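Some structures to go through are shown next.
Each of the two complexes below includes chain A, the first together with chain B, the second together with chain C.
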Partner chain A sequence: MNTSKYDAFSKRHPLVNFLFFIGAIGCGVVIQHPAYLIAGVMGGGTYYLLLNGKKGWKMILGMLPMFVILTVINPLLNAYGVTVLFHLFGRPYTLEALMYGAAIAGVFVVMLLWFGCYNAVLTSDKFTSLFGNLIPALSLLLVMVLRMIPNFIRKAKQIIGARKSIGKGAGDESTTKEKVNDGMTVLSALTDWALEGSVITGDSMRARGYGTAKRTSFQIYRMTAMDWTLMGMIVTLLFVVIACGANGSMTATFTPDLYIAPITGLNTLGFIAYCAFLLIPTALHIKEAIQWHISRSKI
Partner chain B sequence: MAHFEIKNLTFSYPTAKGKHSLEDVTLSIEKGEYVVLCGKSGSGKTTLLRHLKSVLAPHGKHSGEILFNDIPMDKVSQRDQSAKIGYVMQNPDDQIVTDKVWHELAFGLESLGTDQKTMRARVAEMACYFGIQDWFHRDVANLSGGQKQLLNLASIMAMQPEVLILDEPTSQLDPIAASDFLNTVRKINIELGTTVIITEHRMEDIFPYADRAIVMDSGRVIADDTPRNIGKLLYEQGNDMFAAMPTPVRVFYGAQGEGDCPLTVREGRNWLSKAFPEAPKVSTFPAEPLADEIENPALSMKELWFRYEKDSPDILRGVSAEVPAGSLYAIVGGNGAGKSTTLKAICGICKPYRGKVKVFGKRVEKYKSAELFKNCLSMLPQDPKSLFVKKTVREDLTEMCRNEQKIAEVAELCQVTALLDNHPYDLSGGEQQRAALAKVLLTEPKLLLLDEPTKGIDSFFKETFATILAQLKIQGITIVMVSHDVEFCAKYADMVSMFFDGQILTTDTPRRFFGSNSFYTTAANRMSRHVFQNAVTAENMIDLYKQNKEG
Partner chain C sequence: MKKSNIATLIVLFALIPATLYFGTILPGRSYYFTGTLIVIELLIPFFMAFEGRKPQARELVTIAVMCALAVAARAAIPIPNFKAIFAVIMISGIAFGAETGFLVGAISAFASNFFYGQGPYTPWQMLGYGVAGLIAGFSFAKKRLPRKPLVMAVFGFISVVLIVGPVLDTSSVFLTLPAISWGTAWPLYISGFSVNVSQGICTFLVLLLLGKPLLEKLDRLKVKYGMMEAHDDGV
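Let's turn to the complex of A and B:
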């Protein structure tokens, strides 16, 4: 997640990030129109690569076999469609079902890509700060759990290590029963340890006035003019996309009959809006890179 | 007007069967004072401190009165207490509530319902004052112990308290982080006038700067005076707490010096210069024979290289050492230099990708795990708590060995017989350390590895610990110890090695090792190096001083 530090979109207000991903993932789930899917894969893929650098290729290439498998499997389960390609196990294998499979697999890939970006951009602290004002108690709970999990893992490792160095604990030669027993011992020690720690945490919270007043929540992020502009763009573009969608511009049915709405006339508007919307993070990233380049060359 | 006024406070825990944890404590603490509270573990320091903040006050039978700014404590609202009385506890980790540094800084202010604008200003202020800007956005999990404790302090200071109460705040920190932390506390006291009440083991860093020292023993206040007078008083009473005094104080009284008692190394040097206007007749101990080739070393390491992950930097970069059988071998060095990793490599928990570890002449990989940890090698980890897995100390020891007589012997040796039926977590730091040692010793090791054994232990318990180690040595056990505690190593180790940059750079006897260092050395050596050549402990100095003055 280090790379996201240099990403312009990640630096925007969490609300902007959140709104964008709701739009991108929401549309991604609903729309099966091939042109839109391709736009989704391109938009999501590019941004994913910008965020993850070379490591991103691994994940993207890893999706290829998944895409193929999902596509090929669908006709086996779904025999609707008019264009029979061949028969398999006595069942027709149809072109429509194959295309439908490709569309579903495409939706899947788009979602994975956007969720990958979501994870890198909307870190836990952004998420909690976003909802901190709405439900302060819940967001504090979330923050504490987020802190507890790595703590728990670290302590477990410490106990296991300590036991190993006095010749206790399950090794490679232990039987399953011994392993289970040892696991239980470690778990119970861990619980005791955590309980003791939570008493101190509780003390520390009360010592700092927890429960003496209505909690406020510290907002580390502030909405800037740039954030408002982006918000406006996101909302407008999404509105256009949805309006066009309601008008049938992105309808695609595969079975029993293949129908894909043509991208002509007014439908073009929806498609362009969708592409523009998906390119927001990428465009921002590139814009910032260029600006940086120019401002540096002036120095 | 006194800041805190404690009048005849007596307290007993419900389980203590009438035994008082605090008895008739009467104290007055003025605004802006820097007060250090000392006493052995279990003398009631923490119990007293916790009474100074209602939400933390233990349950039990109280009598007497505590006034805060002349108002009885129970009349001061919770909100006022939260904001005005800051309390820093021992464990840096468990005190932290949230997962981000900035959020932790704001936590107290959030609880008090402070508005956004004030909160922003205060958090920014604190981050600057404590030098936290650089790690403001970091995850708490990635901070060092010292940074965590500084964060705890800063998040309390953000509420702008009038009083800062610190309960052994540096016991879990390494010496450099500890000294940084204590300097910050002192800075707060001097620059902001915040009243400070602190308990500490590390007297050298506090004692000279405190306005007042209060000594407690079994729940009573036995002395309340300036630090200089306290030193004298403890010496005259022959109190155990004298061992915790800074080196200059101990040397001064031990050697029956004349003039004002020195508190700092600087004062100590001046005092010594005055005592010896001309070079003393005996300025050095007789030379120790140079170590021979070690025959049959208990442990030998040759060119160990290790890293945790494939593309992470090397932690061990060619560690080589030979440990003679039956000795106490200490490895000192900075934080994160790889000292603990070296111990793990010896145990086979970390597998070096190059190099050899031989334990009693046999390569460590050649041992079966059951063979290695039975009757051969055993390690006491840095946090003794990680060894306790049962409800009582006795059950924990029984996990290792069913022979009751053997358990009784080991418990006797480690002085935990009286503690056998307690829950391990109810013991003090020093007691936990000894109970954990007992558990480790039940594997009957011939080679014992200790990771920071003196961390968080007061000087009195350290001496107890040292006697136990001495007894183990008599039984022929070889001890390898990794430590930050130069004073302890200088006093008790047979050999000292300096660990730096992933390797062992020098190895020598403590006297030669610390005698030739001028920064990384003991307070006694820093204080006396212009007069004596190789006095590295208070005892060494007293010895030389007396030789010159008497004979």
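Let's turn to the complex of A and C:
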């Protein structure tokens, strides 16, 4: 995730990031219109590649077989539709059901892509800073858990190592029974050590005045003019998309009859708004890259 | 009435019916969207109860330790689909009550996904893992079930295979199936069954071998420092 350090959208306020992903994932789940799905795959895929570089291609190519499998399976489960392609096990295999399968698989791929971007952009520190004021106890809990997990895994490895050095513990050639038994001993030792530490941490927090007054939280992120602009764009575009959706401009039903709303007239507006919305992070990334290139070439 | 109780009532009698109604007027296939919204709404009352309680430092740290242990337990046993996470969550529920058990489950699901990747399954995992802690806490409170290793182990196996596993499988059913009926859904539940059984066996073994000693450690902590007294009704 080194590349995300240079991503312009990741540097924006977490609220902007969060709102964008809520919109992108929410729309991605609900809309099955083929044109919107293609827009979703293009938008999500481009941003995913910008974030992950060459590694991203591997993941995207890995989604292809999944897409194909989900597509061809649907007509086996769903025999509705009028255009029968052929009969399989005495059941009709219809074109409509196949297209429906492709749409469902498309929704799945769009969602995986946006979640991939979400994981790179909205890191745990951003999440807790976003919700620190709203749910203070839970955010603190989450921060502590996230800090303890690597700590405990390290300690578990130390315990395993210490046991190995005195000739105990399971290796690669151990039986499952030995592995399980050894795991139990390690887990037990780890629990003892961790609980011991928890009481000390808790008392230390109390001694420093935890719970005596309302906790304030330090905010490292500030909403800048740029963030407000982006937020305005996100909200406006989403509003247009939802309004057009309510108007039926992205309706697509596949079975029993195929109906896909044409992208003409007023329906174009919704589609353009959706595309513009999905391109926000990519556009920001490219804009920053160009600016950087220009300012560097001036030197 | 407590704030969290009011929130529970609002969620159960206003928010969820509203979501269901909204889901039926949404175009196309909105099972996943509606289902996930309801799952998130179910999580809210538990989180509000925890915030409203203003937890003490010791309680907070102990819950954090149980969550982190549940996640780190993945590293202790190097066999795939054979993780002690459910056992640790259930032990927390048994030791500290149903509400804490739910919290440990939900938070450890969420926190572990920061390492393994958040996805469309995250809210479902939080609910499923939380329910594991909740039912364990409820069933063993007030000596409803004896805290014997074998009883805990069998209880753990049954609840993982019959309750927690199917909750997780439902998220993949909602996510990948176009039309949901028993006829189309059973292959997914069957394919998830083997994973659930494997997790169930792991939970069984950990609770059988470690349940008692771990509980003793936690109970000792509870008595010694007088923290996290479970409410009388166990909820």
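What we mean here is this: the second predicted complex is superposed on the first by the 292 of 299 C-alpha atoms of A that agree within 3 Å, B and C clash if a C-alpha of one lies under 4 Å from a C-alpha of the other, contacts with A are read in each partner's own complex, and residues count from 1 in each chain.
Note that a contact is a pair of C-beta atoms (placed from the backbone, for glycine too) under 8 Å apart; a residue touches a chain by one contact, two chains touch by 3 or more.
Owing to the predicted nature of the structure, the values given are computational and were not obtained by experimental measurement.
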Superposition on chain A - do chain B and chain C clash or fit: fit
Chain B or chain C, by number of chain A residues touched: C
Which of chain B and chain C A:Tyr118 touches, first, second, both or neither: second
First (chain B), second (chain C), both or neither touched by A:Glu173: first
Chain B versus chain C as contact partner of A:Leu146, first or second or both or neither: both
Chain B versus chain C as contact partner of A:Thr253, first or second or both or neither: second
Vertex chain A, arms to chain B and chain C (CA centres, degrees, nearest 10): 70
First (chain B), second (chain C), both or neither touched by A:Val29: second
Partner chain in contact with A:Ala137 - chain B first, chain C second, else both or neither: second
Superposition-derived minimum Cα distance between chain C and chain B (Å): 9
Chain B and chain C footprints on chain A, overlapping residues: 124, 140, 144, 146, 151, 186, 188, 192, 197-198, 201, 203, 205-206, 210-211
Complex contacts: residues of chain C adjacent to chain A: 26-30, 32-33, 36, 47, 50-51, 54-65, 67-69, 71-73, 75-79, 84, 88, 107-108, 110-112, 114-115, 117-120, 175-179, 183-184, 202, 205-206, 209-210, 213-214, 217-218, 221, 225
Contact set on chain A toward chain B in their complex: 124-125, 140, 143-144, 146-147, 150-151, 154-155, 158-159, 161-168, 171, 173, 185-186, 188-189, 192-193, 196-198, 200-201, 203-220
Residues of chain A defined as touching chain C within the complex: 25-26, 29-32, 70, 74, 77-78, 100-101, 104, 107-108, 111-112, 115-116, 118-119, 123-124, 135-138, 140-142, 144-146, 148-149, 151-153, 156-157, 176, 179-181, 183-184, 186-188, 190-192, 194-195, 197-199, 201-203, 205-206, 210-211, 245, 248, 250-253, 255
Interfacial residue positions of chain B with respect to chain A in the complex: 53, 55-56, 77-79, 82-83, 86-87, 89, 91, 93-100, 102-103, 106-116, 119-120, 123, 140-141, 152, 155-156, 159, 344, 347, 349, 369-370, 372-374, 378-379, 381, 383, 385-389, 399-400, 425, 439-440, 443, 449
